[in-house]
Amino acid sequence: DEIKIGVLLGYTGPIESLTPGMADSAELAMSEVNAAGGVLGGATLTGVRADSTCVDAAAATAAAERLVTSEGVAAIMGADCSGVTIATLNNVAVPNGLVMISPSATSPALTDIEDQGLFFRTAPSDARQGEVLASILADRGVTEIAVTYTNNDYGKGLSDSFQAAFEAKGGAVLISAAHEDGKADYSAEVAALSASGAEWLAVLGYADQGGVGVIRAAVDTGGFEKFALGDGMFAESLIDAIGSDLNGTVGSVPWSEGEGADAFVKLAEDSGVDPDGSFRRESYDAAALIALAIQAAGSADPAEFKAKVLDVANAPGEKILPGELGKALKILADGGDVDYVGATNVELIGPGEAAGTYREYEVKDGAYETVTFR
Amino acid sequence: MIRVEHLTKTFGGVTAVDDVSLHLREGAITGLIGPNGAGKTTLFNTIAGAFAPDAGRVTLAGEDITGLPPHVLFSRGVLRTFQIAHEFSSLTVRENLMAVPPDQSGERIWNAWIRPARIREEEAANRARAEEVIDFLQIGHVADELAGNLSGGQKKLLELGRTMMTEARMVFLDEVGAGVNRTLLNTIGDAILRLNRERGYTFCMIEHDMDFIGRLCDPVIVMAEGRVLVEGSAETVKNDERVIEAYLGRGLKSRPGRERRA
Amino acid sequence: MSGQDTGGPLLSGRGMIGGYGGADILHGVNIEAHAGEIVVIVGPNGAGKSTAMKALFGMMPLREGRVTLRGADITALSPQDRVKAGMGFVPQTGNVFASMSVEENLEMGGFLREDDVSETMEMVFSLFPILKEKRRQPAGELSGGQRQQVAVGRALMTRPEALMLDEPTAGVSPIVMDELFDKILDIAATGPAILMVEQNARQALNIADRGYVLAQGENRYEGTGADLMADPEVRRSFLGG
Amino acid sequence: MTDILNALVLFMNFVGVPALAYGSQLALGALGVTLIFGVLRFAFFAHGDLMAFGTMVTILATWGLQAMGVSLGVLPTALLALPFGAAAAVLAALSADKAVFAFYRKQRAKPVVFFIASVGVMFVLNGLVRIIIGPDDQRFADGGRFLFKVGEFRDWSGLSEGLAIRTTQALTVVAALIVMVALFRFLERTKMGKAMRAYSDNEDLALLSGVDPARVVRWTWVIAAVLATLAGVLYGLDKSFKPFTYFQLLLPIFAAAILGGIGSPKGAVVGAYIVAFSEVMVTYAYRKFAMYLGPQDWAPEGLLQLLSTEYKFSVSFLILVAVLVTRPTGLFKGKVF
Amino acid sequence: MSAGTRIAAAPASLWRGPLLYAGMAALLIGVGVLQGWNVALSILCFGLISAIMALGVNIAWGYAGIFNVGVMGFAALGGLAAVLVAQPPVAEAWAAGGAGLGLSLLAVAVTVAIIVLVRARMARGAARGWVTAALIGAGYAAARAAFDPAVDAIEAVNPASQGYLGGLAAPIVLAWPAGGLLAALAAWGIGKTALGLRSDYLAIATLGISEIVIAVLKNEDWLSRGVKNVTGLPRPVPYEIDLQASADFVARAAALGLDPGEASGIAVKGLYALMFAVVLGVLIWLAERALNSPWGRMMRAIRDNETAAAAMGKNITRRHLETFVLGSALVGIAGAMMVTFDGQFTPASYNPLRFTFLIWVMVIVGGSGSNWGSVLGGFLIWFAWVEAEPLGLWLAGGVVALLPEGSAAADHVQAGAPHMRMIFMGVILLTAMRFAPRGLIPERTGR
């Protein structure tokens, strides 16, 4: 018996370098489930990848449509970028009554979209993170900062909430400049940012997109020495790329206190999957949630298990970390209750969004070191 | 008809037309000759609106037409042909001709949608006219050929043919004869004379074939180095020493009739 | 000029049949030229004169017929190989490199020559003095007649053994035409065969050793220049009386 | 006096040097584009992906060399590997020509057909590169990254502003200028160069002059592919290698080539600098700069930024449109050689 | 000698067009059978939209030789029209910033008026230039002074879901002509400045302008929410879930042996397809009529040789502008239709590859200068664009099956599988062009 789950991500297009890792992580959760004997007493989960292209709503819709009709998927892990996510949700998932859990669509518009209870996301809303990052900086006595964000709904939303929170704490954002991902050169951005006279630069982008380009240009020109990073920037590859100049950087990233994240790292490394990179943990969690909800509902029919997603994600119940999916499946099969913590400390609030705790980190000697959790 | 006053046109360092003043009398066929590079074509181009002059003025029947764009001049009855043929290469010969008549209502896009009947009528008339021109130029066998596929001489004929598709007042012919078979050229000469006499077209033509010039043109203007050298009847011009020196030459140095035979 | 067989024509096209992909344009045209000979082709517009020239030069595939140079079959040779074999051609249209200077145009004429071309260039300049004056100017900015001079000059630079000219005098002034014909006589005297299409037919036949009249893709008349000039039918139908 | 020096160094560090380097990177790409445009007469849209392809092979070779323990000291090892990449790119370009473009040349197709065909080639190369090396960022720079750093400059000069110059920046600028001059000379002076120009001007007549079109085409691809690889590798060394970015480079490269005048090597370089400098200068916040130059203790109200960086791409295009409207064939009168 | 008709002049086989269209239909039916009718209909809908865009490009390029590489910009403007027409107005935002915006608009108008007046009074020369420049500067400053606070106020209104002015709350179908109009207006402005440029230069200019349009749409949040996107646009057709909730519909679906979910999707997309087809039908009729009239002949003449056309009395500039505007309007209409079908406006999704070059591919593969060809190209290339993905995956799967299981090579190919899509797309494109270098349904020359 086989249950198919669509893995709808932009394998080609602007974030093509992020998506393979995300898909791998999602499929890691599925194989973990399968190794534990599958769901519903022996049904295996199979991930079916489809290309959302990240930007082309039409192509994404067509791909999702194909997942539904010719693959017969029970749920979709995805999509990635908010635009295509909304398009596939409205045009495919809702009409066909399909559950979608996105690991990375952070647009506030998704919060009050009419989703018939079918849409969830493991990426926390931008609004909360802005506050977290602002207080990290305020606590360090930073009063002036320059901000650069990736020019999409994620970056824009995060920078808006960060700016509001930072100013509410008495800080001043001296300049806020967007950067486009995938461009050839970021000297213009860095020039403008550094001319503001701020000592700190908040980079709210992606670690392997424009964000790293901005930081590299800033370091090379000596424009900034201190960086504050949003969650999209958290990746080992960033340290590899920038090196010792990154020391002293602070940032926030959704993280469960200790165990969850560490468990994920271990699990991933054991299975030969690189655990570092944007949205990989969220992807794992998204796939895991689908599996657990199916098990809890005792049915792979989305109409039945959609109601169970919130149940398995939130308390009460036994806490479940990455690598413990087998245990969770067993508990659920026995009629018990679980509280899935996962790699990102999943806590779905409101209409199915991650509340998440955040890890405040600082880069010391070329490594991320936890300062505290918020 | 056309009066040119102190016209000057320079290209970078080269003064192609240098302070030229002349008068093309209404109803006359004026010949324009001169050595290669004398500025004849440039003079045409400047009058016909292809270039803006650096100085000077052109009037048409007293009206200032200096620097008017070509399509406006066309609507005032000033036509020209090109020394290097400018056919519409992906249109057939017939279409090339039918594209010429001005004020076709079918050339306004909405008429194509709302007035098909009127367009059909006009097209029929234009087609008939094109047919006449085709017969006249003896290019019937290539009437449905793409103009781009014509032979060099046929293209020249088409150039001339286009001027016959509309009522013109003033026609500038830039070497229509070059590359045209001499027998046909004679017929063309007759046609030019007829258009001139019967329809009152005024012509100004550049040509290097002195026989042809002599047969058609009076007066003849000789240009050299951007200026007007002489003006007069074909006979006078032919015998003018300066013209012989600069333009006509004195015939072949070596004479034919050599012994060696293949 | 090694390997030249003395008896036959230097360049010959026999039974040439072919066209541009549609109906045939040439219906069995024969043309030949001997070393040192000036051959002129005349005929009405669209007769296939230029097509015949292109066929001789391999710019157009022949359906039937063969082309020989010095007796050797060159029907299958590419144009640039014919240049190497000693042929030169001035086409009727598109015969200058418009964006290159006059001097570069001439240099392109000597593209395949390994020896010093400056002497030949001086020769061309003395033939067409205006070109020397304009030698740095792009050929595209020249007057029609000046371009024609560049075109002929370019072909002369190759110093070909068989020189083919498609209406070299179209648009050039009488004085230049005379000089050009003089030069052609000079060149022919040094050995090469010269094949020329002309609409200034009487002047051309005047200097020609032989002439062909082509009409509708077929040979119509053939004879010495003087014979053709003397034939009243030819005069009336093809030479303008 | 020191204030003026400080202002100057500040400007150089944030505007002058980066824009010069970025401009040179664009210039190397634009030179290749302009060459193909000039000789073969079409916009080769796969140039970005050809750059990526050549760079990819260079990277693989670099890794190989590094594994063998070969290094160039302060210079990046990739320079040693470059010939491999260039050879591969040449091979790719020539096969694309044989498989695709030769056919349309024989057909005498219109330039736009070539252009669309090159989009097809772009798709294929695009896929190949990603399948072979993946869509990720690859860093392959080694050796000394900086000629001198901001801090070093500050200590040396005693100014409060610093200046940094990277090895790759210097390499790129030098390479761009050398290539420009060499290409110009090649086209103007050598027989092959002239044959190329003649071929581009009038193919039939070039044939009649004895030019072998096959050779011209081959040479064009060889040079363009080598240039593409050089451009790609230098860019990758300076920033990083990522296939998608290389595709994105295409637009500014074309903008530069056309702004300068299609077919003109000089134009390509100047066009590239204009694109690069306009991006940086129009969006630069001149506040600090003005503070150095203005009276003591004076600070302007705002940031003195003409336009926000969101519009940097737009600005360079706006300048481009403005230049074209006043000079319709580009700065150097794109005469297609 | 026989009448010299050559291949170029001979029309391609009469059957070619209908056969190709039949083949296209067969492809779609094949998808319907193999992958489901929802997929087939969604490809059909986008095919129809693409066809209209291709038709627009063909009008400018195929008729007049205008190398417009700014398709993306016009499509986006069409999309903007959908927002401005169909979204409800945000009263609060109007209250907060409407006056300010009006004021800045007024400032612009006044500045223009003053400049026109002053320029009329002053003599040509440097002084006039400087005064004009100064006036422009002053006008810009004044407009910005009113504009900036207004924008800030608007964007502060409930930024998560609004923060913009909204639209007219009119039926979204009206956005289609409105999109055409908006695109036409923009095209008129662009054409006035840039149409004098020669082909390749015009191309880069239009490309640049389209990038500018997108930059504005991405960053002017008050207009269209910028990168925050406008989602949930109203629909001209019922919602699937409403159909699924209707007992009547479910019954009818059951009668046809369909499950209600699938049936509702088919019904909705079928309705869309019908509407799009009507629009395309009307447009293609208009376009064919125009092409086959003296107007079309004149346009081809202009395309062939502008100098000669001008000498034959054709006003090149006007005609170029006319076709450019018409073609762009079509793209605008299609852009609005597409946003309607997507149900959302996402400025960041406009990228030149998808919205400009892909459309060009459609036109060239279909046959430039040929309306039916471009439309076919629209369907075919869209089909390829969508189906290249599963085909690529399938191909990669085949390769992997050949390699030893779990080997590094197999893993590598598996990882690269999504990129097969690009290779496939390229191969399809190159193959189509190889077999029909002048397009699948070439332009008919020589009527």
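Just so it is clear, A, B, C, D and E label the chains in written order, and each chain counts residues from 1 on its own.
The rule is short, and it goes like this: contacts are C-beta pairs under 8 Å (C-beta built on N, C-alpha and C of every residue); 3 or more make two chains touch, one makes a residue touch a chain.
Remember, it's a predicted structure, so these values are computed and weren't measured experimentally.
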Request  = From subunit A, count the fewest steps through touching chains until subunit B is reached.
outcome  = 2
Request  = With one step meaning two chains touch, work out the least steps from subunit D to subunit E.
outcome  = 1
Request  = Could you work out which chain's C-alpha centre is the most distant one from the centre of subunit C?
outcome  = A
Key: Inter-centroid spacing, subunit C versus subunit B (mean Cα positions, whole Å)   = 27
Query = Measuring from the mean C-alpha position of subunit C to the mean C-alpha position of subunit E, what distance in angstrom results?
reply = 53
Request  = Could you give the separation in Å between the centres of subunit C and subunit D, each centre being the mean of its C-alpha atoms?
outcome  = 46
Note = For subunit E, residue numbers touching 2 or more other chains are 1, 3-6, 9, 218-219, 415, 419, 421-422
Inquiry  = I need the residues of subunit B touching at least two other chains; which ones are they?
reply    = 141-142, 149
Key: Junction residues of subunit A - those touching two or more other chains   = 12, 16, 20, 151, 178
Inquiry  = List the residues on subunit B that touch subunit C in their complex, please.
reply    = 11, 33-38, 40-42, 83-84, 139, 141-142, 149-154, 156-157, 175, 178-186, 208-210, 246-254, 256, 258, 260-262
Message = For the complex, give me every residue of subunit D touching subunit C.
response = 191, 194-195, 197-198, 200-202, 204-213, 335-337
Message = Can you tell me which positions in subunit B touch subunit E when the two form their complex?
response = 48, 50, 69-71, 74-75, 79-80, 82, 86-92, 95-96, 98-100, 102, 104, 106-109, 111-113, 116, 119, 122-123, 141-142, 144-146, 149, 162, 166
Inquiry  = Please output the residues of subunit E touching subunit D within their complex, sorted ascending.
reply    = 61, 67, 193-194, 196-198, 200-201, 203-205, 207-209, 211-212, 215-216, 218-219, 352-353, 357, 360-361, 364-365, 368, 412-413, 415-416, 419-427, 429-430, 433-434, 437-438
Inquiry  = Can you tell me which positions in subunit D touch subunit E when the two form their complex?
reply    = 37, 43, 45, 99-100, 103-104, 107, 109, 112-113, 115-117, 119-124, 126-128, 130-132, 134-135, 247, 251, 254-255, 258-259, 262, 308, 310-311, 313-314, 317-318, 320-321, 324-325, 328-330, 334
